[in-house]
Every structure is written in structure tokens, then in C-alpha cells.
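Both complexes shown next keep subunit A, but they swap its partner, so subunit B is in the first and subunit C is in the second.
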Partner chain A sequence: MSKTAIKFKLAILKNTPFILFVCIFIIFGILSPKFFQYENFENIATSASYIGIVTVGMTFVLLTAGIDLSVGSNMFLSASIAGLLIRDLNAPIWLALLCAVLVGTLYGGINAFFIVKLRILPFLVTLSTLVAGRGLGLLITKSQGVTLPESISNWGAVRVVGLPVPIIIYAVIALIAHLFLKFFPMGRQIYAIGNDPEAAKKAGLNTDRSIAFVYIISGLLAAIAGIVSVSQMGIVNAGFGDGDEFDAIAAAVLGGTSLFGGIGTIFPGAVIGTILIQMVQAGLVYTQVDMYIQPLIQAAVIFVAVFLDSIRSREISKIEKRHIRVEN
Partner chain B sequence: MSEYILQLKNISKYFFGVPALKNINLELRKGKMLGLIGENGAGKSTMMNIIGGVIKADEGSMVLKGEEYQPDGPGEATDAGITFIHQELNLFTNLSIEENIYISSFPTIGRLPVISKGAIRTKTRELLDSIDLKLSPDILVEKLSPGERQLVEIAKALSSKPDIIIFDEPTTSLTARETKKLFELINKLRDQGISMIYISHILDDVLNLVDDIVVLKDGEVTDKGAKQDFSIQRMVSSMVGRDLEQMYPERTSKPSNEVVLEVSNLSQSGTIHDVSFKLHKGEILGVFGLMGSGRTEMARIIFGLDPYESGEIAVDGKKITKSSPQNSIRNRIAFVTENRREEGLLMHSTILDNIQLVSLREYAKTILKIVDSKKVTESIKDVVKMLKVKSGPVEKTAPKSLSGGNQQKVVIGKWVMAKPKIFMVDEPTRGIDVGAKYEVYTILNQFASEGSGVLIISSEIEELIGVCDRILVMSKGEIVGEFSASEFDKERIVGSAFRQNVRC
Partner chain C sequence: MKRYLALAVALIMVVTIFAGCGSTKAPDKAAESKSETTAAKTDAKKEITIAFLFQDLETEFWVAGHKAITETLKAKGIKVIERNANEDANKQLEQAKDVIAQKVDGIIIIPQDGESAVAISKVCNEAGVPIGVFNRPPSNKDAKSLVVVANNEKIAEQAVGYMAEEAKKLNKKMKPLIMVGDLGDPNAVGRKKGFYNVIEKNPDLFEKPIEVPTKWDAPTALANLKSAMQANPNVDFIFTSSDFLYPQIKSVLEPMGKWKKIGEPGHVMLAGLDGDSTAGRLMDEGYVDATGVQDLYYEAQALLDAMLDAISKGDKTPNQWIDDPGFALTQANMKDRRLDMWGNKLRKDKGEIK
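Let's look at the complex of A and B:
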């Protein structure tokens, strides 16, 4: 292969998520011309925003080679508490929302405590708090949906500078997270810990603090995502947030984040991954695919993307490997 | 002020009542280099950990720059001006050079917690210039060669402006040229007035580099003095506690004429080209070559770990049609890889699990293929005894707690259990001490005398001359020379390994 051919191949391999994104976009567009309308883009972005916020937190956790399975339950519990405060205690909306955010942060703090102080595996800790969080939520809501006042469900549709509020909230969070990971000492240290926790300790880094931090952030962002989602749906029912943790993990991985830690980005990574998943969902609706087949197609897309990703990293390392012999 | 920058006075340390260090007295002269040698387990790492503040001494005191020195944690040691270059590199491969250097103390913009990209870039450039490393500060470490990574570690150490640098086996993963460059740098640092402690098993290097030598054995200083008074002989006998008349055991058998492994015209683009040789029963065949000469790649292909495009491999005259590690094990080929920590051992499993790994099938004879665990355990205990592995109970001890030499014996033990006809070992004595080396050679000898063919890959030419019947030389993926025992000559063999490099 000539040098330019190798360079071309490398460029394709390194941008696989993006290329996949464009391909899927075009395919849906051809199948259903309506897909290309501006309203559709906005729809995709609005519905992507809450999962996107969860995915930002999940990316932080995955970067340390951890996992947070409890985010869906966290969304449910914190949104339920906000709803109950408003409905039963007539709490002002701002106070209820503040409480929701505090509950979510505390939820993440509990995860962090078990993981850092008691040294229990993140998978087990967050699996337990997934069950416990939903249980507690069902207990306080008596398994009945909590309807929120219109003042909340309305602002999901409010526009600022021409964009729906959920998109703006998501954009601001993604931007802050991106800058934090790229330009703050702790952001870079999170990458170091994910790469080699032992070496990080030897370099004098406070690894416990950073690991606790990512779970607390994940909890905080889950609560915010819950509020954003409620603002669109207007009701917190028993299935609220159920399974969202898997959408977030899938979105992060689709965007190139490694489950083994140390590799991944908010932008383009997590953002592209989230929009990709949301786009496939919307595209399937537009092309009127049978509702029961939709999950199968979604699964296939995730599988193909992850599969391509594993081939791609192998190919990249093959190309970039040093050669002993230079063949003519 | 005294001529010493660091003094250890009567330092002792006990682990669960067992002494690891006994009454250690040691002085590091200012601006000089101290060589610290001793077998694995002699107490070198314990001593370094005390100096580095990782653990505390039970008795005795330390004096640094004329003042009492009692570090509480590695951070304080760094603040006091002492840094370490460890044997395993502690770099983050997913970060850039500059981020690695400043990971624990990023320069920030004013009081904001934001990394100052400008400051970090300039500072890193200066550091890299000072050690003559021509790399851009924003390159990711995963793209660097082992030698370049070692130099980045040194740049990182220098970033804290240390008075004392401690090197622990810094050359184990470096090529000859990289090692030379490292030594030049070390000498330059000494000229700048930095004091250093250099720990290594490579006695020649120690003798070349240092000013003073201290020998540790079983937690005690058995010998110390100026370099001029030392010879390799004296170093070895102080380390081992007896005169090691020979570095290499006597061969007790002769190779036969029967060929056990024949490789013909083996090629794979990018790695090896037209490799042909024969390995006889009872023969110890050495493969010499510089790092990156294709020796390891050749062994990996023969064992079936990597594919080949053309050529033939035949075991006992029978051509191998499907090459895979499973088939190789079935054909009784053994392969001890050069990287025992990552490729040779399950570090966290037990010794028992490690050794039984490749021969489990043999102990599952009944129809249900259930492993006869009693029989396995007995055989393993025999192997462990034969190899003289020093460890706790094999069912409970994990390799990560063993010294390098004992770890290597566990890897070898795994293959001993499989009773190989062809035994390939890649750098079998890297990073292990003189005594353990002798034992490894003895094991290889024993294989040969029992009729196996042994292929030993090494970059230590003395070792190959000492143990082999024949030596092949590789360069740029080709076999460029062959020497029989009567033709062994250090200069000629090394020369032929370099020849192609020089010509191109």
C-alpha cells in the first residue's frame, strides 16, 4: 500500500463513529424525505438532551474504568421527590428542583462512599443502588404516577435564542464537561487514573478523591436529566428512567469511550453517540418500521458500531506498529 | 557540611518479626553515583522504599543534606529532593509527554484551576532539550519506544529539580543504543552535581558507571568501597556469599544428529524473511540479535501466535499444517515469553494454577474429563521442588509476591509439566539475579540432556556463549550468521549482528 493510501485508511478508521453517523443519517433521509426537515433535527436533539446529560456523567465514570448502573433509578427518585414536594407540600418549584438536584448528588455520594471507602466493585454497588433507589421511589410514590404542574411541563417547550431549553441545558453541560476534562488538572488526572490506577497513586495523585468525584457528578447529572425529562413529559410514573442507564452506556461506547477506562471524550464522543442513538430511534419512527422490530434494529446498530470499533482499533494498531523490515 | 548528601545510620526493618534489613550503614557522596547490587530479595527494594518514604524504618536514622530526614509518604521524599526511576515505567500511555510530566502538579493560569498550556509547553520543551530528547511535548506516550519512555521518566524526575535520583534497573527494556544514550545522560547529570543511586543486576554497567559500590546480601551490607577496588569477581562473591567459580553450569550431554525442529524459508512481510534452521535433539541453540531484529517475532511465529505467509515448519520431520498455540502444545513445543509479567503469568492466581495451565488435559483421563486434582498437585509440588522455587504454599501463593527469579521459575515450571520436546525461551534471565540465572541455565541443560531441543533467545552474548552449542545471529528479520561452539567469539558474533545495520 502506498503512503497516501495508508494515510487515507487511517483517516477513515479514526473517524468511524462520525462516518457511521453520516451514513445512517443519509439512509434515513433517502427512505423518508421528511427526515431532512429542520423540525426533525430539533426533535432529535430535544429528545436526545436528557439521555445526553446522563451520558456526560456516565463518560466521567467510564473514564475511570468504573460504571454507574444506578442513574435511571436516580432520575426516578429525585424527580419523584420534586413532584411530591410540589404536589403534597406546595413547595415552591425552585425549592423542589433544588431538592431533586441535592438528592441526586447525595445518591452519587452514596455510590462513591461504597466504592471508595468500602472498596466494593462499582458494578455491584451501583447495581444495588439501582434496585434500592427504585424501591425507595416506588415506596414514597406508592407506585402511582406523580403529575407535575404545568409551569414545569411548559418550560420544556420554552425557547431561548430560538432553541428549546432542554437543548440549551444539554449544550451548556456538555461544554463545561468537555472543557473540564480537557483543561483542568483534575480532568487530565481522571484520564491518568483510568489508564493505570497504580501508577496514578505512585505519582502522588489523590485517586480516591477523583473517583468519588466522578460518581457524585454522575449522580448530579442524573438528577438534572430527570428534571429535563419531566419538563417534557409532565409526569413521573413508575417506569420513569427505567433502563436509561443502558442507553447512556451504549451512547458513550458508541462515541468511542472504552469500558476499560482512560479513553473517551465528551465532544465529539459522547455527543455523537447520544445523537446517533436518538437519530436511529427517530428514523425508525419516520420510516414507519413495526414498533416491535424497532428495538431489534437499534440493537443491531449498536452491535455493528461496537463491532466496527473493535476492528478499527485492531487495524489502527496494526498500521501504527513499528516495522522491523521495510519491504520493497 | 560533610561530603555526604545522604547517610543511612543503623537502619533496620522487620516484617512480622522477620528482619528485612539489619543495621544498614550507607553513605551517598555529594555529586557522586553509588551502585547498589544484591540478589533478588537481598533487601534493595525495602531500603529504597524507606528512602522514598513508602515505608518507615523500625530502627536507625537518616541524614539528608546535614539534617535529620524522616519522610512521611512519597510526596515528602519528592519535596526533600529525592526522586525515583522505577523498573516498570509509571507513565500514562493515553496522555501526552507534557501531561505525564506535570500530572501531579500542573502549572495553572494564575489562581484558576485551569492548566496553562503555554507554561506546560515551554517548561516541557526546556526539560526535553536538557536531556537531548527531540520529541514534541504533545505526542502521546503510547507512540514512544521503550527507550524514549525511559527518557520521559527522567525528564519527569528532573521536573522536581531533585538532588538525588534513584535508578532501579533502568535498562531492562532498552536497546543497546538506547542504553548508551541513557548512560551518557546519567554522566551528564552527575556533572551537573546530581547525586545518584544506581541499582542493577548488570554488573558491567555498574562497574562502568558508578563511583562507589555497596553490596547487600540477606538484608546486610556485606561489602562496600570505591569502584576502583572492585572486580566483577569480588562483586559476585560478595553478593552470593561464596565464590561462584562459574557463571555457567557444565554441559553433561552432547547434541544428537536427529532433527527435532526444522524451519525452512519462513517469511512474513514486515517481520522475518527467509528464515531457515534446524534444531537437533539435545542441542542448545542460541539466537542472538539486537532488539527489533525479529528474534521474538520468529519464535512467536514458530509457536503459532502469529501467522506466516510462506515457508515451512516441521516437528520431528512432520510438516505443521495448521499452526496455533494449541497445536504447538500438542506437538510438545514450549515457549517462555520475554515478558513474564504480562504474557507468562497469571499474576493474581496461585502458583498451582499457573503451573497446571498447559498440562491440565493430561490429568483429565477419564471419560468425563474431570481433572485429577490430587495427582496434579503432587506433580506440581515435585516440579516446584526440582526448580527450587522459593515460595509459600503453592495453593495459596500468587506469583506477584515472588521475586523475579522465582517468577521465572514458575513460568518454566509450567512448561516442565508439559514435558516439551522443543523448548523455546526468550530472554530467560532478564532482570533476575546471578544465583537464579545459574539455576535457569541448569534447568535448560537438563532439558537438553533428556533429549529436548532448546532454543534460547538473548541479547546477552556472554550468556549465549556460556550455555549454547551453536549460535544463530539475526538482523532485520534475517539470519545473518551461524557460529558453532568452536567458532564462538564475542566480537565476531556481535559484529555480525550489527553488520547489516552499518551497511544500510
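Let's look at the complex of A and C:
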């Protein structure tokens, strides 16, 4: 195979998630021409924004071979606290939102403490805090929905430089996270820990600090995601955030993040994964596919994406090995 | 040392989880201490004790259901033992065995699901204790029980039927949209069926409906409704299979300039089902045209009447299915029936309305 052919094949393989994304977009567009409208793409990105923010945090955690099942409860608890501060104590909005972010970060800190200091498995810790967080949220809200003032619910529709605020927040967070993982020493350490924690330790890395960091970041981003979601819905009810942890894990994995750690990116990976899931959901509504068939199509798309990703990884490593030999 | 500390903390976490969950349910505390709502007697010879086992109080609907039952029991002067299963079907089964051992006269359950309703009913049948199942039907009829359940299809028909009458007055063919619940939930399926029964009966009034899946999840509903409204901006009638989705409907319609009160140009006709406090408020404000209501107080009364009847006759395994036909609260009957809706009763208790 010529060098050009190898380069072309590599380019195709490395961009498989993006190519799949474009193909699905075109298919839905052909089936329903309105799908190509700019408003639709904006809608998809806005709807994906809050789960995308959670996915960024989840990607950090997954890169260390960990898991954070508590993000949905964290969203519920921190958003409920913000809502109650505003509704019952007439707190200024900025203060309530700040408190929500602090609660989310503390939530992540509690996870980090149990995982790093007490060496309890992340799955068990975050499963426990998932239940405890939701219980605490239900206790303080008495299971009643907390309606937020219109100044917050309207804020989800505000535009900055022509784009809805939720998209801007998501884009900024994804960009910072991407740059952090790519260029900052701590970012590289997170990959190293996920690849081989023992080797990372022997290399002198402070693995505890990095692991604590990813859970705190996940907690912080879950709280921000909760605020972004509330800004679109205007109410925090008892089911708020329920099951969002699984959507975030699915989006991260769909974007190529390995559940075993060490592999994955924010951009294009997690971002494409999140938007792909949302796009399929929107496409099925646009094309009015039978509702009993929809879950099958969604599952098939996820399966195909993950299957292609596994083939892609194998092929890339094969080609790169051959390529090294050619160069030598 | 660190290992012991870890074990201790893990133990504390587990205890906290269960304590946390339990503490969310205020009535559970009272229940665990075998609180007696009241000890008055319906019978001069024997005080009747009924155990009330409920799955949780996580939503406004179940809070109202709990209230409807306890108030009805109180009104009858019956001693009540309450137990909260915190969404754990096995725990609820153990609770049933526990109250049977205490020789209660009857058991009323809000089961976690249809399967656990059957399992608990079988245990009660074997023990010879009458059981009543509230609002969530058993998945099969293998066990004998008193079952009261809302007829979702009929209730949806009543609400959408009112919309059809209103549509006639507009003298134009309408584009309806239905927000469908989780298709694994028989309630959602019944509501969808009731909606279509009316739509199909009136082909001259309605075009082919747009279906929006919600999976009973607010963000999913929001995202899908946005997509559906962008694809079909001519939708002028929305039926939500549950009232809890009104905030999402508002979030979508408002930026499109379609969140208008009844009578204002561009008003999108809105109807729902459940009868929660949000629907009550939006009907008062004039945004929502009608909502189908599960008549929780009727259900509680009917179930308790059947239960007391069985106890007085010595029937240990009563077997009866009681249908709640519900009703539609509409802008036309608001004056008379406003406070029959459980959501408005909750608002009244909170002092929001008179």
C-alpha cells in the first residue's frame, strides 16, 4: 500500500466517529429536509449542552479507569439548593448559583475523599452517594417541584454572539477541558494513571491528587450542568437528573473513551458522542418513526458506533506499526 | 488501622443511605413507631386496624395519594399502621409479612410495581388478610385482591373530547401533537389510546397527530418537543400524557410566541392528564384548556368501602376490580369541580388558593 493510501486510510479511521456523525445527519436530512435547518442544529446542541457538560466531567473520571454514578443526584441536589435559596430565603440569584456550584464541588470532594483516602471502590462510593444525594434532595424539597424564577428560566433562551447561552457554556467548558487534557501536565498524568496506575506511581506521579481532582471536577461540572438544565426547564422536580449518569457514560464511550481508562478525548470524542445521541433522538422525532421502533434504532446506532470504534482502534494500531517499519 | 477506618466509614455510609432515604418520608418515621392516625372505633366490639404500605412519596401524585388514603381512614376512625418501602419491592413484601404477624384486619398497598402487587397479594391470601391495591394494578390475576385503578383511557377521552368540542367552535382542522409517556407503562399506553379514540372519531376536526416520545423524562420531553415544533410549526393542539410536563411545554412555546392564554390570537390548545397543582395553576391563569383528573379521593373511598365491607362479612380474600372513571376538569366546569382535583386540593392546603 502506498504512503498516500496509508495516510488516507489512517485519516478515515481516525475520523470514523465524525464520518458516522455526518452520515447520520445526511440520512435524517434526506428523510426530512427540515432537519437541515440551522434551527434544528442549534436545538440539538442546546438540548445536548447540559448532558455534554456532565459528559466532560465523566470523561475525566473514565480516563482514570474510574466511574462517577452520582452525577445525576449531584445535579438534583445542587439545583434544588439553589432553587430553595431563591424561593424560600430570597437569596440573590448569583449567590444561589454560587452555592449550587460549591455544593456540587463538595459532593465531588466527598467522593474523592472516600475513593482516595479510604480506598473504597469508585463504583461503590458513587453508588452510595447517588442514593444519599437523591435522598437528601428529596428531604429538603419534600418531593415537591421547586420552580425557579423566570429570570433563570429565561436565561436559557438568552443569546450571546448569536448563540444560546447553554451552547456557549458547553463550548467553553469543552474547550478548556480539551486544552487541559492535551497541554497541561495534570492532563497528561490523568491519561498515564488510566493506562497503568502502578507505572504512573513508580514514575513519581501523585496519583491520589490526580484521582481526587477528576472526581472534584466531575462534581463541579455536574452542578453547572444542573444549572444549565434548570435554565431551560425552569423547575427542579423529584426526577431531575435521574439516570443522567448513564447518558453521560454512553456519550463518552460513544465518543471513543475507554471504560478501562487511558483512552479518550473531549474533542472530538465526548462532544461528538453527546451530540450524536441527541441528533439521533431529534432525527427520529423529525421523521416520525414508530415509537416502538425508535429504541431499536437508537440502540443500533450506538452499537454500530462502538463496533466501528473497536475495529478502528485495531486497524489504526496495525497500520501505525506497519508505517513505523516502512519509515525504518 | 486505615482498613478499619475504611470499613467503619463504609458502614456509616450504608447506614446513612438508608437513614437518608427513610428520613425523606416524613410519614415513615411515624409509621416505624407504629403511629396511630386515630384510635377511634368503627365497631363497638372491635377496633379495626389497617396497615397502609406505600412505595414512596417521591412525587406530588403519591403525596396526594397518601394523603387521600390517610384522610379517608381517619374519617372512618380506623387505626392505621403505616410503612414506607422506599421504592424497594422486597422491603414492602417483608413489611406485609410483618403487619400480618401483628394481626391487622386488612392491608392497603401502593405497590412498587405490578409484579410485587401480585406477590404481596398471594402472601395476604395465604394468611387470610384482605388486601387492597391502590392505583397501580397487579400484573396478573393470580392472586385475589381489591384493586382500584384509574381508567386512563376513559379519562384521556374525556379531556380530549372537550378539546374536540372546542375545536368545532374554531371551524378549522387542527394539527394535534401528543406527548407520549414511557411505552412500558400501561398508564401511558392507556392515555395514548384514549387520545387516539377521540382523534380518530373526528377526522374532520384533526389532522394526523405528531407523536413526541417523552419516556416520562423532562429533558427528553423538552428536547423532543422542540424538535417536533420546529418540524411542525403548524401544531395548534398539544396533549401531554402527564401534567408534570407543562413547564417544558411552556419553555418551547414561549420563545416561539405561542404561549398564549385562551382567547388570545395564536393560543395553542393545551390538555393533559393527572390533575396536578401545576395544571391547576395554569388552568386558573387561562393557559390550559382541560385536564383529565384521576379522582384519588374517589379511589381511596371506594377501596376503603370495599375493604370494610369484606371485613364485616368475614371475607378473607375479596376479589374485585374497581374502576375510577375520573373526570375532566375543563374551563367550562371549573366553577363547580375545581376543588375536586387533587392538585388543587394540595394548593388549597398550602394556602395558595381558597
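What we mean here is this: the second predicted complex is superposed on the first by the 298 of 328 C-alpha atoms of A that agree within 3 Å, B and C clash if a C-alpha of one lies under 4 Å from a C-alpha of the other, contacts with A are read in each partner's own complex, and residues count from 1 in each chain.
Going forward, contacts are C-beta pairs under 8 Å (C-beta built on N, C-alpha and C of every residue); 3 or more make two chains touch, one makes a residue touch a chain.
No experiment lies behind these values; they were computed from the predicted model shown.
In the superposition on chain A, A:Ile263 contacts subunit B only, with no contact to subunit C.
In the overlay built on the shared chain, the residue A:Phe114 is in contact with subunit C alone; subunit B does not reach it.
In the superposition on chain A, A:Gly204 makes contact with subunit B only, while subunit C stays out of contact range. Counting the residues of subunit A that each partner touches, subunit B and subunit C differ, and the larger count belongs to C. Of the two partner chains placed by the overlay, only subunit C lies in contact with A:Ala132; subunit B stays clear of it. By the touch criterion stated above, A:Gln189 is placed in contact with subunit B alone, subunit C being left untouched.
Across the complex, subunit B is touched by residues 183-186, 188-189, 191-192, 194-196, 198-200, 202-205, 262-263, 320, 322-325, 327 of subunit A. Within the complex, the subunit C residues that touch subunit A are 2, 5-6, 9-10, 13-14, 16-17, 20-21, 23-24, 26, 57-60, 62-63, 180, 183, 210-213, 216-220, 222-224, 226-228, 230-231, 244, 247-248, 250-251, 254-255, 278. The touching residues of subunit A, when paired with subunit C in their complex, are 32, 34-35, 37, 39-40, 43-44, 46-47, 50-51, 114, 118-120, 124-125, 128, 131-132, 135-136, 138-139, 142-145, 147, 153, 156-157, 229, 232-235, 237-240, 242-244, 278, 281-282, 284-286, 288, 291-292, 294. Interface residues of subunit B facing subunit A in the complex, by the touch rule stated above, are 74-75, 78, 86, 90-95, 99, 103-104, 106, 108, 113-115, 117, 143, 145, 269-273, 292-294, 297, 476-477.
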